[in-house]
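Two complexes follow with chain A in common, the first pairing it with chain B and the second with chain C.
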Partner chain A sequence: MRTITKTLVSVIAAASLLVLAACSSETSTDSGGGSSGQHTGGTLHLTAQSAGGTLDPQVNYTLQYWQLYQGAYDGLLTYARVGGKKSEDIVPDLATAMPKVSTNGKTYTFQLRKGIEFSNGKTVTTDDVVASFRRLFKVSSPNAGSWYNVIVGADACLKTPASCTLNGGVVADASTNTITFNLTQADPEFEAQLAMPFASVLPADTKAKDEGTTPIPTTGPYYFASYSPNKALVMKRNTHFKSWSAEAAPVGYPDEIDETFGLTAEAEVTAIENGQADWMYDTPPSDRLSEISSKYASQTHVTPLTALWYLGLNTNIAPFNNEKARQAINWAIDRSAVVKLYGGTSLASPACTILPPDFPGHADFCDYTKNGGNTWTAADVDKAKQLIQQSGTAGQSVGVVVQNDSVNKGIGLYLVSLLNQLGYKATLKALSNNIQYNYIQNTGNHVQMSLTQWYQDYPAASDFLRVLLSCASFHPNSDSSINIAGYCNTGLDAQMAKADDEGLTDPTAANAAWGEIDKAYMSESPLVPLFNPKLIDFTSNRVSNYQFSDQYYMLVDQLWLK
Partner chain B sequence: MVEVTVAIATSERGTPRSRRSAGPWRVAFTQIAHNPVAVGSAIALVIIVAVCLAAPLYAQFIAHTDPFQSNINGTTVIDGHSVAVLQQQTQGLGLGVEPIGPTWNISNYFLGADSQGRDVFARLLYGGRTTLLIGFSSALICCALGALVGIIAGYFGGPVDWVLSRLMDIIWAFPVYLLAISLSVVLLTGGLRLGPIVIGPSNLLLPILIIALIYVPYVARPIRGQVLSLKNREFVKAAIGLGASDWRILRIEILRNVLPTVIVFIPLMMALNMLTESALSFLSIGVQPPNASWGTIINDGLDLLYTRPAVAIAPGIMLVITAVALNLLGDAVRDALDPKAKLRGAA
Partner chain C sequence: MLFVAKRLGSALLVMFAISIVVFLIFFATPGVDPAARLAGRGASPEVLSQVRHAFGFDQPLPVRYVLMMDHLFVTRDLTSYVNIGDKVVPQIMQAAPVTLSLVLGAAVIWIVLGLGGGILATRFRGSVVDPIIMVIGIAAVSLPAYWVGEVVNLITQDRLHDSVFSWVPPLGYVPFAQNPGQWALHLLFPWLTLALLYGGIYARVLRAELVTAMGEDYVRTGRAKGLSERRILWRHALRGSLSPVVSLFGLDLGSLIGGAALLTEVVFGLPGIGKLTWDSLQNLDLPVIMACVLYAAFFVVAANAIVDLLYAVIDPRVRRA
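After this line comes the complex of A and B, so read on.
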């Protein structure tokens, strides 16, 4: 009896373990990531000159907070939260696996993981997913009209956001725990767009308005405990979080992360040197670069970015409505001088193409360099002057609009000097960083030349070429007209659509096509590529395990603290 | 205060009966000339103005440079070696670029280069021209406007005084820098358009007018008080009794007595206006690039404070010297023209 009882208990215990294991397998499809105990703990102190605006992940469009969202919000898919090239891989996050895509590319079906909870303790359901996509339109998410407009029902949502239902577009089946997206047309970048913070899954009862400074419950390892844009942002451990994937949702190491606002960049550097802060969001000021690169080399991390600094030439007003005048600027710009103004050759490389090096679709060519070849070597001012004479635009006034920080203003001063040398009458307008980007987009402001930057949203050629130069990106008299050159070439638009289609079946051929499109745009010169920047991350000496993701830059919550 | 209304008795033939005494202006000048602090200040100012006026000569014939042209990839010769004006760092990770520092060679980057590779000393001289021009012009305009408002308000009184005084109160109610910054931000965006008159955003007239305008109450108020006092003096009452017109009384009796006060204000306001101009230019809302003023050069040097402090310090020193000299000279002029020192500390 005793033996029988012991055996029975053993059997029941084993069965219970099997059941538990089966249940837990629903919430953990791989090992779960992670932090080992020895590196866990402490408070990571971040610092930034100013806050990044709203905390709402479906509205905020800043790298500053996208970096933090990685440890807080999840979508169905995400970019692998690892360092190096693998960070460009899209991996399942709240979905158990990559979606099943129909043969015509118009239907994506996801299986939602079970047992995941928001930081408020509520379980994530398919209803939350559907509600989140409706909310994306209701709050007029910045790219709702350009990324998610392929979802069936999106047109109606864009017209009347308040009554958005996405009927037939996002369909949930609670019984099978699946979500199906029906698209109006195949979109080779739909998965990339689902991996963006805009597509974060939020509780279904989240208000359909920009939540601003009110934190929304999270699914990731941290939640936002408090946010005061004039003071600080505090993230604390989400006790409801259990890692389900080492790639998509690794456990964070610090117990708490805070970001304080208000210090100048100079003061931020000093704070890090003194161990009062662990990392600064802003770029260290130019007069501290030599100090940190010599005295604090081991704490300084420099990484090339898939980004472009460029000049937008307004192709709709004089003098740059003349192709020769635009080409003249491309010939005349001394990119090595601009690189120096940015911080030197260790921090930037001259650019000839719109698509950055090592980016999908990038082709090596350099149409505007003195001695020919595939890389930029020198400017040709004589040729530029000749083209300006031919264009008949010499002597005209040119206003250059830049941001008013030291680097942008420095480049602006150089441009004014160059334009005067070329025979124009140039003036500089340096505007606050908060307003310059919108100001230069609006054709009503008659901006002739502007200095700006573009950092990839996701690794796809269209994220540069279509976004920056397609006819669809040009909206006259609007502050949201990202085609700053106001350039519209329907022939090249058609080529981009063709490259898109090709991308569904033959990505290699599509990338080659994008390279040709880049070349075609450069021959028309609506913009002037200046350089591809590198990023400096300056960390304190108590920080280690620095990892850089190509998508979201330094993995904040993967840092170890001494 | 000096009253210049004394009629000199004349003989029947129209010649003075006695030797004419030294006039109040001559007395004042003599007093200033015997004040060593005032003379020292005046000499310092003359030197600064002369050196700044010679900026184009220095740039063209001595330094052989264009201080408004970027020279980022330029080189220069130091100790027989050709060196880059902006030098790439080579230590550690090799981050950053530094302009060359002071060479202390008057013909070659005497105070070094700024972040555009331009000669700081040449820009300092050009900047001085701009700062002095703005300071002097705005002080003149401010004192003229202030005197006009003060005299009209004080002499006519009643509703005219009420309206003008309230207007001055309104301007005075704003913190002076806040008002200057607000006006500058608005006007520098699109310039100033007054009917057919158009002043572009980079025109120096804008900072001159803005600075002149914001300080008008500082001059108008004391002048108004002085005119209120003068209006009740016997010689003014006598002129009224004799049937002199308002215009004549204002011109002969009031203005002549107020003029020394206005003159006292000019150097004091000039110093104040130069500092205001520099503050606005430092904030990028005064003189617009590539024009230089001492304020814009300080701003240029802000990003080089750790590595090339001379860029920011040199114009700062020039500002201090000029402002101190103007204030000392202004004090001496006040002591000479206003011995009762009623205006001490007015500005």
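After this line comes the complex of A and C, so read on.
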């Protein structure tokens, strides 16, 4: 869900945020539950600067549409579509119950619910489920090779997607209405991955190619009526939908949901103030924050995110192939200064660990703070200088690659001045927001230090640690190499595999192990955690019943309209 | 005839060269691998190579170029790299009327403003009116359209939206066929914003031309024959002074229809060619960038050719050159 960072760009103006702090209406839930009827009806107008790409749920990898898929597509499992902490629970969706898992963790058996219909009127069958998992490989779903490759037969599907059958991997029994998944190895995150939009169940006759702008029939309370990336996306009520579970498939309130594209963030704020739009996908620009937080306090919602802004240090080239040089940066960074540059304490909090607070596996520790303790208090520049002295890297040149919006560039300028103060010869390279992320991943570009972010896919420690730092995530000379530090530690890889195994039997012990792994990585210092950001939702005054899911953010179809 | 053929030939050559340059710049940019962007973050090498193959990125550059041109011009089914399935040619066809509405409406206003300002300033040369008009003109030229647009939005959509400007509709576009009144209302402020800049330029250019013309021999002859100042200005000086304005107008119109009104379109949320170009550049969406650039190049080249043709009609010396 990294794309949301594109929108998190222009959040500065610390002054305005003092006011914002006062109004940070901690994801208030105006009212829970609510029987349908009373609050039903109306058209919800959402607005976004630009469209989110393909509408195909098996391909799209943007928070923008994942948020809307909640009211449209269902898989066998889903994250509970409710506000608050409960939104981190996986619940049965098209399955009648959580799967029966074999003792070796390699077989998952689901019972499919009966009588559910697609928005085109056809009944959901076990054939649709099998076809959807084959299609996932046929359309080269982004994580086909990194999440769903544990299914038996996935190897062949990755090699020749066109003839993908997943024989023996996904087995349907129409007579008992069951679906069995056979895995090549136990995977504690398999259920989480089945709860992602990629694993949505689509009609078996859906074409085996990225459907792009052509809507695919849905199972949820809404269907996509039309999609034109330069104009709008329209969701209408699915008349074939009957709620089968309040947690997995709640009834939506608005009769129609439109997301129009094309306004600037500035104009979006104005449109919401004027009641012409009800919510903006993009983050309000910094110069409007004080206005919305003072004049429209009750319409502003601020929530901490399980996300991390960090510096990737390239561990394969000088100076950061030296562990002491890397640690020096962790000691020297003034995280409170960086938080200020991002927009102040009401928009972010300093980070010490790779796993964000309140995230599975997070352990409270802070290895790089002056005077010790579990929270970050101050930088220790003297210690950093001493480490750099020992490393013998002083005087070397360091290029810092950041995105070229004002916030990222501001942080970049701070980094350059800090590196110069530490004795390096630093230069700033600001690249277009669209290029930077792929650019810093490619070892061919010899990036030494880069500023970037990671937003969770699902709440599991491995979604940060394994994705960002395992040897398997490092692909030299490729624009797609998410291990930006290029760090590979086989010992820690083995520990992660062990924690995975433990997660199957004892999740608590596994999370403790993940906390230790986080600590081990931090002592090696391939990356420098800076801060955990918060999200601002700005809604119109005709909207109420705001609820925030940790997984998919604001529950769009649960809003009430006046 | 030969002249026309030559112009058309050189126009095609220019467009071909531009398309090659755009293509090469795109693929030479580091960090831009379209397969990595299409495959999504964290895609495994197998998935990456499948995507690379599916989109033909594993073929040599010249083949890719020919394929893209084939999809753009022959089969006309070239689709966006970002909004998969969104065909590029219909996008251009849908955006063109928006840009045409914006530019033609604004052109009427700026011609009236520009000619009126230029004539008035010349007519009242020596009085206080002339410098006032010229100062307004230079101010209009100096203000960037996106800034004026934002200020107009700030006033009409925000600060005074509840009172004086409550009649101003939300930003965006309504097609003429759907509701002509709303079409005009939605475009009113974009028209004025765009016309301000060009009106300023035209007023200043016309005044300069008129002032030169008023010192010419034929004007002196006219005066000697007892013609009134008004008649000299309107019937004689203005005619001669209009030809540079006409050629300027041709070129401006060409580039604006081609998408040069980009900032005005972005600020006012008008889904025209300029906005399409802007979005495609933001997303590094090569097929759309390519289509927009070629579309713009076509109009600029065509406008140049038409202006040259008109010159040739007016002045036989150009034909021989």
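By our rule, the second predicted complex is superposed on the first by the 527 of 562 C-alpha atoms of A that agree within 3 Å, B and C clash if a C-alpha of one lies under 4 Å from a C-alpha of the other, contacts with A are read in each partner's own complex, and residues count from 1 in each chain.
By our rule, a residue touches a chain if its C-beta (ideal position, glycine included) is under 8 Å from a C-beta of that chain, and two chains touch if they have at least 3 such contacts.
Quick caveat, the model's predicted, so the values are computed rather than measured.
Chemist: Putting chain B and chain C onto chain A via the overlay, clash or fit?
Modeler: fit
Chemist: Classify the contacts of A:421 with the two partner chains as first (chain B alone), second (chain C alone), both, or neither.
Modeler: First partner only, chain B.
Chemist: Considering only the touch criterion stated at the top, classify A:50 as touching first (chain B), second (chain C), both, or neither.
Modeler: second
Chemist: Check the residue A:287 against both partner chains and state whether it touches chain B (first), chain C (second), both, or neither.
Modeler: Touch partner of A:287: chain B, not chain C.
Chemist: I'd like to know which partner A:541 touches here: chain B for first, chain C for second, both or neither.
Modeler: neither
Chemist: With both structures placed on chain A, which of the two partners, chain B or chain C, ends up touching more residues of chain A?
Modeler: Between chain B and chain C, the winner on chain A residue contacts is C.
Chemist: Have a look at where A:140 lands relative to chain B and chain C in the superposition and call it first, second, both or neither.
Modeler: second
Chemist: Mind working out whether A:340 is in touch with chain B, chain C, both or neither, as first, second, both or neither?
Modeler: So A:340 only meets chain B here.
Chemist: Of the two partner chains, chain B (first) and chain C (second), which one does A:442 touch, if any: first, second, both, or neither?
Modeler: A:442 sits against chain C, while chain B stays out of touch.
Chemist: Once you lay one complex on the other using chain A, what is the shortest C-alpha distance from chain B to chain C, in Å?
Modeler: Between chain B and chain C, the shortest C-alpha distance works out to 7 Å.
Chemist: Name the residues of chain A shared by its contacts with chain B and its contacts with chain C.
Modeler: 266
Chemist: In the complex formed with chain A, which residues of chain C make contact?
Modeler: These residues of chain C touch chain A: 29-33, 35-37, 39-48, 50-51, 54, 79-80, 82-86, 91, 94-95, 150, 153, 157-158, 161, 170-172, 266-267, 269-271, 275-276, 279, 282-284.
Chemist: Can you list the chain A residues touching chain B in their complex?
Modeler: It is residues 266, 285-295, 297, 300, 302, 334, 336-337, 340-341, 343-347, 404, 406, 409-410, 412-414, 416-418, 420-421, 427-430, 536 of chain A that touch chain B.
Chemist: Within their complex, state which residues of chain B touch chain A.
Modeler: Contact set of chain B toward chain A: 68-70, 72-73, 86, 88-89, 91-98, 115-116, 189, 200-202, 284, 288-290, 302-308.
Chemist: What part of chain A is in contact with chain C in the complex they form?
Modeler: 2, 50-51, 53-54, 56, 59, 61, 140-146, 149, 158-159, 161, 210-214, 228-231, 260, 262-264, 266-267, 270-271, 273-274, 276, 431, 434-442, 444-445, 467, 473, 475, 478-480, 482
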